[in-house]
Structures are given as structure tokens and as C-alpha cells.
Amino acid sequence: MPAGQGTLMDFASFLIQMLNSLQYGLLLFLVASGLTLVFGIMGIINLAHGSFYMIGAYLAFVLTSATGSLFLAILLGIPLTFIVGAFLEWALFSHLYKREHLEQVLLTYGLILIFEELRSLLVGDEVHGVDIPAIFSASIPLSDVLSYPVYRLVISGVCIVLAVALYFVIQRTRLGMMIRAGNHDRTMVEALGININMIYRVVFALGFALAALAGMLAAPISSVFPNMGSHVLIISFVIVVIGGIGSVWGALIAALVIGFADTFGKVLLPDYAGMVVYLVMAVVLLWRPEGILKKG
Amino acid sequence: MSEIINPGLAATVGTPAAAGEILLVAERITRRFGGLVANQDVCVTLPRGKVHVLLGPNGAGKSTCINMLSGDLPPSEGTIHFMGKDITGLSAAQRSQVGIGRSYQRTNIFPKFTVLENVRLAAQSRRQQPWRIFSRAMKQQWALDKARACIEEAGLGAKVDWIAGVLSHGEQRQLEIAMVLATDAQVMLLDEPLAGMGSDESARMVEVLKRLKPSRAILLVEHDMDAVFAVADTITVMVNGQVLESGPPAQIKASVAVQQAYLGQEDSFHV
Amino acid sequence: MSSLNSTIFKLAGLALLACVPLTGESFYVELAAKTLVLAIFAMSLDLLVGFTGLVSFGHAAYFGVAAYSVALLSPKYEAASLWYVLPASVGLSALAALVVGLFVLRTKGIYFIMVTLAFAQLAFFVFHDTPLGGGSDGIYLNVKPTAAIAGWVPFDLDNATHLYYFILGALVVVYAFLARILQSPFGRVLVGIKSNEHRMQSMGYLTFRYKLAAFALAGGLGGVAGFLYAVVFGFVTPELLSWHQSGNVLLMVILGGMGNLVGAIAGAFVFTGMQEVFGNWTKHWQLVMGCVIVAAVLFMPGGLSAVPGRIKRALQGGGSNE
């Protein structure tokens, strides 16, 4: 029954691509959510956000090499990146709130150069692999020849858990109240008795940690290489533009759309894969110049 | 970009011949923001040679109304006609081109440019010729002459070469009037031109308004009651986005409804 | 006006630049030629960023489109006519900018920055992924265009000195062109849009069209730089359209202080200067560059062109710095 087997295999590979799209989209959401929050709340455009992803991936490599376990690496990496993020906010970004977008672009562009060179000095310019933790190294067979790696499902699972957690933070906390208002009116927020400097620091550090976590999770499947942050940064920009600046849920929808567009673009139009994502953005811009969901 | 104002229109500026001619008619214009109704079924008629004042407490919807007339906000419902032509769908820039000019509640100028350049830009908008990229703006004598004349008319003649940003608040409001004048506006929509002015400055501005009145239709949003009754031919009182009453000043002064709803609370109302 | 703009300064600078080939050091001539190309590129971006208030982070796309156009329009083993490939490649980059402008100018502020970047990335992938321009390896421009007109050859682009003066001439022409445009009613509208776009609209200007014209014009002038770059180096890769290229040119404009054409030229020189100096110190020169950028933003608002004024003020007023 070659025909029947053919459709079965088609379905299996379709399923694989669906799962890949979902996993890629969710991972992008982790990066883009921090980016859109920093835009929405602090009014800051941060080009170095992609570097945070790169830093996460390299941390995963370095810490996994040192400790022998990706779990430990992530466990150490999250608080570490959170602290570094808080420090960066204090040392640099807190001086940018009243500056023009252009100066923000410039400073964060300078940061990218610094991060990439530090990476080159400390770890080198080689491509590195990171091992998938042994308990997730299996694959689920989907047909005679096709199977799906458990680790990718784990990534999707972790991202979904984090998205749900983010939902609760945004819906149930005072921080979330601010985020929902898309507010960067300092005086009004301070009138509510909220220490805005602390909020900014926490949101920024959270964005850093989420992007770095995405990098750590992705390290075993994408490997770790120089300038890996820049592609993710630009894709995250596309997501934020499509989703609407400051809108976390817009970012989620947009990230999934981009995940699907990119994955299926690579399968269906391999010669034009790089462009598909940007064409999606162009179409959305024609339809809604301010994104699917405006700030909210 | 090539719309040059109808020369016929431009020629009528300053000729009070057609006084009384209806220039602008807004019929039952309504504006909703989500569930909130900011303006409901507002009707405004602006004849040449008359000053029409919009009164009302803060939040009554006066600015929304002016924004709909100027094209800054599209109305949710209703129509706006200018000299018999439906202009409801036109943008702010297009409405400026047909002859509707406005000033803003918050001073809205080019603070780093000179007074002359502010008004010259306004004048230039009537004959844009953007393809002439090699001619010099400062050699377009007609625009400079017009700008100087409008600055003079707005009473700012002594400050032509000043940087707009350093003018006093009152002078910046006069500058805005000069900019509206330079666009040959037949209909002038002026949002609180006297706000924040000292008494000398407001008296001067009232004089300017009286001088402008005969050849144009003016809609004024204003709180200063002395000024309102000094220049108004018609007053429309708005409350909660709706027209409460509209008529000549005497009728408004006598209206019980207006007294209760609005004027009674206003300290400056002692006319 | 800052002292950068005095006529004497400009003429002295031009004379200095004209003397570079007299040194006879081919390394310096080529470096200066490359810097002049970048200066043209920076001026074209300044029209958008400094004068119209449009912060484009994807200007490298138009540079790259023109560079690829020369390479693709030239026959493989013979010289193309300069008088055909120059206008054609500049026209194509202006056309690309016009089309992209239709999309990106629908957005404002942060959106505009991100969307211009994204469209530049789209252009990058067009040349990187498709066989059109040789993919990620890029293509060679084997033979430089010839300036011959009906058998008469006014200058020879294969001659390094001729090429240098051709580029210097282009710089002067682009500068004069932009300076003149900014004096025109069109230019005044652009500056008005930067200052207060809303007011321009309420005075009857359809600002979208003006911005689109400026965007296409800047794309075309960026294309002049891209064309010259391809001619100087004879080699074109997708990296020319990369976002680092867009970032670098933005850096030059900002270093020079936006809205100042001479400043943009100075910014290009300072940028290549830093690249050379730091590059000789250490292979990790970008680290130093990054630190300089970060420090500059934190401690030096206003860019280089603000420096003379600040020094003057410090000398005169005993240093009351804002």
C-alpha cells in the first residue's frame, strides 16, 4: 500500500513541522515578551536584547561544561542573568529613559559590540554543541522513519508554563496592572505608591532572564555560535511590530505566526525562506500599521 | 502634493463682499471612543463675517468638536460641508487646502524657527511646488510678503525675526493666528486663543479677532467670558458632548438651562 | 552655527582632501577613498535622520542595492559605461527606497526604527539566499566602468588617483545638492516635518508624500555611495546590506551631530579613524569601539558637532556645562 503509506508519512512530517513551528514560536515568544515589555513600560528600544539570548546560550555551554548538567546550568543561569540584568538597568539603561530613541539605539548598539567581543575573548569564536540532558534525549517514533525528539517537546512545555506564569503576573499583580495599562507615566504610577525604579529594574531583569533562558533552552538544538543573537533580535522586532508594541499577548500571537511562517517557509519555499517572515510583516503593516493588538 | 489652492478662493480673502454666506455646516456629527460618546448629534453653522463661540465646562466635548471640523478626528456619524461640498472624508491637510484653518489649545508652533519662518511655511503651503527643489525658499518673495503681512495683521510685526520658542505665551498665540491667516483660511477654528493670557494680551487678541471677523467665519472655543461676549455673534453651549442651547448672546445669557448647567458655576460670568 | 560650518573650514577641509593622492601612499589613498564613500553614505542618511526626523535603521539596504546593481548590470569581462550603470544603479536604489517607504512610512517612532531594520533584513536575504547575486559569497565586479564618451575618455577609474578625485567630486556634488535642497521650499518642509509634523499637516501639507520623496532621495544618494563602494573594491557581498552596516552609518551621523552635513562627513572620518587606530591596537577593536559609543551616549549628548560649541562655551564662560 504505497499510497496509504505515503499519506501517512506526509501526515507524520506535517505533524513534525507543526510541532517544530510551535516550539520555535514559543521560544521566540520568550525573547520577544521581554523586548515588548521594556518597550511598553519604559519606552526603550533595546538592540542588545538579542545579545541576552546569545549570552544565555553561551552560559548554557560554559556552565554545562563546568557542571556536567544542563539542568544545573539553567538553575544557575537564571538567577545569574537576572542579577546581571538588574545591574545593567542600574548602570546603563536607567540613564536612557529620558533620552531620544536614537540615543537608545546607539548605546544598545555599542553594547552589542561589547558583548560580542567579550564573548570572543572569554569563550572564543568556535561553534560549540551542548548535550541534551540524558533523560530527554529520546525520540518519539511517529512513523517507520520519522520520529520527534522529546527535548523539543520539553522546550515547548517549559515555554507554555512560563507563558501561563506570565499571564498570572500580568493579570493578578500590581506590576501586571501597570503592564496592562502600558504605562510609562512615572508620576501617576508613583502616586499609586509604587516604587517605579524598582519596577523598571525588575521588568528589565526579567526580560533579560527570559531571553537568556530562551538561549539556554535552544543551545542543545541550535548549537552555540558567534552573532547568534542578531538574527533572533531582528525576528523579535518583527514579532513586536506585528503584535503591537507593549502587548504581551500580541507578541504571543505574532511569535506563533512567525514560528509557523518560518518553519513552513523553509519546507515549502527553501530558496526564499529567509524572506518569508519579513513578507508576513509587510502584509500585516499594510493591514494594521500599529500591529495586531495595540498596546494593552 | 500639487494641490495649489483654487486661485478664486485665494482672491476672495480679505474681501468682505459675501458677508453672511454660509461657509461651513456640520450636521449631527457624532464621535465615539469605544463606548464613550464624546460628541452626539452636534450641529454647527458658520457664516462669513460672524464669530461663533463654543462654550462648555471641561470635558463637554468642545475640543472633540473642533477636531472633527478640522479633520484631526474623523466623525463616527454625521456630515460636514464646506461651501456646499461634502468634506467629511477629507484629512486635516486636505481641509486646510480647501480653506479651513485651525489653532490649537496647546500652543503648536515650530519653536526653533523664527517667527517669519513659522508663518512663511504656512504661506508656502498654498503653493507647494515640491518639485522645485533647486529654488530657494527665502527667494520666494510672494510667500515672504504674505508671511510679513499676516504677522503684521496678528500684531506681531515687531518680532518678525525672533525665535518662536522665546516669545511670551501670548505672542506665541498671536503667532498661531498669523499662521492660520497665512493659509488663507476662510474658516478659522480657534481653540482657546486667549488661554493663559494676561489682560493686556487678551485685549489685543480680541482686537485682532474683531479685525479678522468681517471676511471670515470664526469658530472660537473660549472660557474668558468678557472676551466671549465682546466678539460673539452666536454662542453654542455644550454639556456632556451635546448641544444644550445655541443662539445669540442675549438668548444664552437669559437661558435658565444654561445658567443651571454651566454659567452659574463660572466665576468669571458677571456680565 | 558651529565652527564646522564656516566656509574657510570647509574649503580648508576640501583642500586637505584634495592633497591626499599627493602623498603617493596607496594605502592612505584607498583608505581616504573608502572614507569619502562612507561620508556620502552618511550625508544621505542625515537627510532622513537629521533633517526629516526619520530614524532609519535600514539604510544599508539602498547602499547594497546600488552596489549589487553595478555588479549585475556590468558585463562579466568588459567595462560597462559609467554613464549607464551609475544612473541605473542609483535609480534602482531610489526605486527600492520608494517601495519600502510606502510601507515603513506608515509607522512612526520605535516602530519606524524596527520596520526599516526589518525591510533591510529582507533585502539582505534577497541577496543572501537567492542565486540572484551569487548568494552568501557575493559577486565580483571584474572590470570597473569606463567613462568613455564616443571614444573620448575624460578619466580612468582604474587609475587610483583618478578614482579618488572622482569620489571626491561626487562628495562635493552630493554635498552641494543636499545643501541646496535644504534651502528649497521642499527642504524647508522636511525640516518642518522634523520639528512638528502634526502642525505641517494642519497647515495643508500632505506630509506622507514629502517623507516618501525624502526617503527615496536618501535611498538614491545612499545608492551613489554604494555604487562607488562597488567600484573601489570590485567586490560585493550581502554584508553590505547587513544591519551592522546600517548601524555603522547611523553611528557616523550621530557622531557628527545630526542635521549637519559637514558633521556627517566628519563622523565618517572619525568612525574610520577609530576603526584604524583601535584595529591596530587590538584584534578586538570592536570592544573599544563599543565602550567609546556607550561612553559617548552617556557623557556627550549632541555629538561631535556640539563639541566646538562646548569648548567655546567652556573657554568663554568658565565652563557652565548646561
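Just so it is clear, A, B and C label the chains in written order, and each chain counts residues from 1 on its own.
As a working rule, a contact is a pair of C-beta atoms (placed from the backbone, for glycine too) under 8 Å apart; a residue touches a chain by one contact, two chains touch by 3 or more.
These numbers come from a predicted model, not from an experiment.
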Between the pairs A-C and B-C, the one where more C-beta pairs touch: A-C
Reference subunit B; chain at largest CA-centroid distance: A
Most centrally placed chain - per-chain CA mean versus overall CA mean: C
Distance from the mean Cα position of subunit B to that of subunit A, given in whole angstrom: 50
Approximate Å spacing (C-alpha centroids) for the pair subunit A, subunit C: 33
Where subunit B and subunit C are represented by their mean Cα positions, the distance between them in whole Å: 43
Touching two or more other chains - residues of subunit B: none
Numbers and ranges of subunit C residues touching at least 2 other chains: none
Interfacial residue positions of subunit C with respect to subunit A in the complex: 49, 55, 57, 103-104, 106-107, 109-111, 113-115, 117-119, 121-122, 124-126, 128-131, 243, 247, 250-251, 254, 258, 284, 286-287, 289-294, 296-298, 301
For the subunit C and subunit B complex, residues of the former touching the latter: 180-181, 183-189, 192, 195-196, 198-207, 209-210, 213
Residue numbers on subunit A that touch subunit C, as the complex places them: 39, 43, 45, 47, 92, 95-96, 99, 101-103, 105-107, 109-114, 116-118, 120-121, 230, 234, 237-238, 240-241, 245, 271-275, 278-279, 281-282, 285-286, 289-290
In the complex, subunit B residues that touch subunit C: 1, 3, 70, 72, 91-94, 96-97, 101-102, 104, 108-113, 117, 120-122, 124-126, 128-138, 140, 143, 179, 183
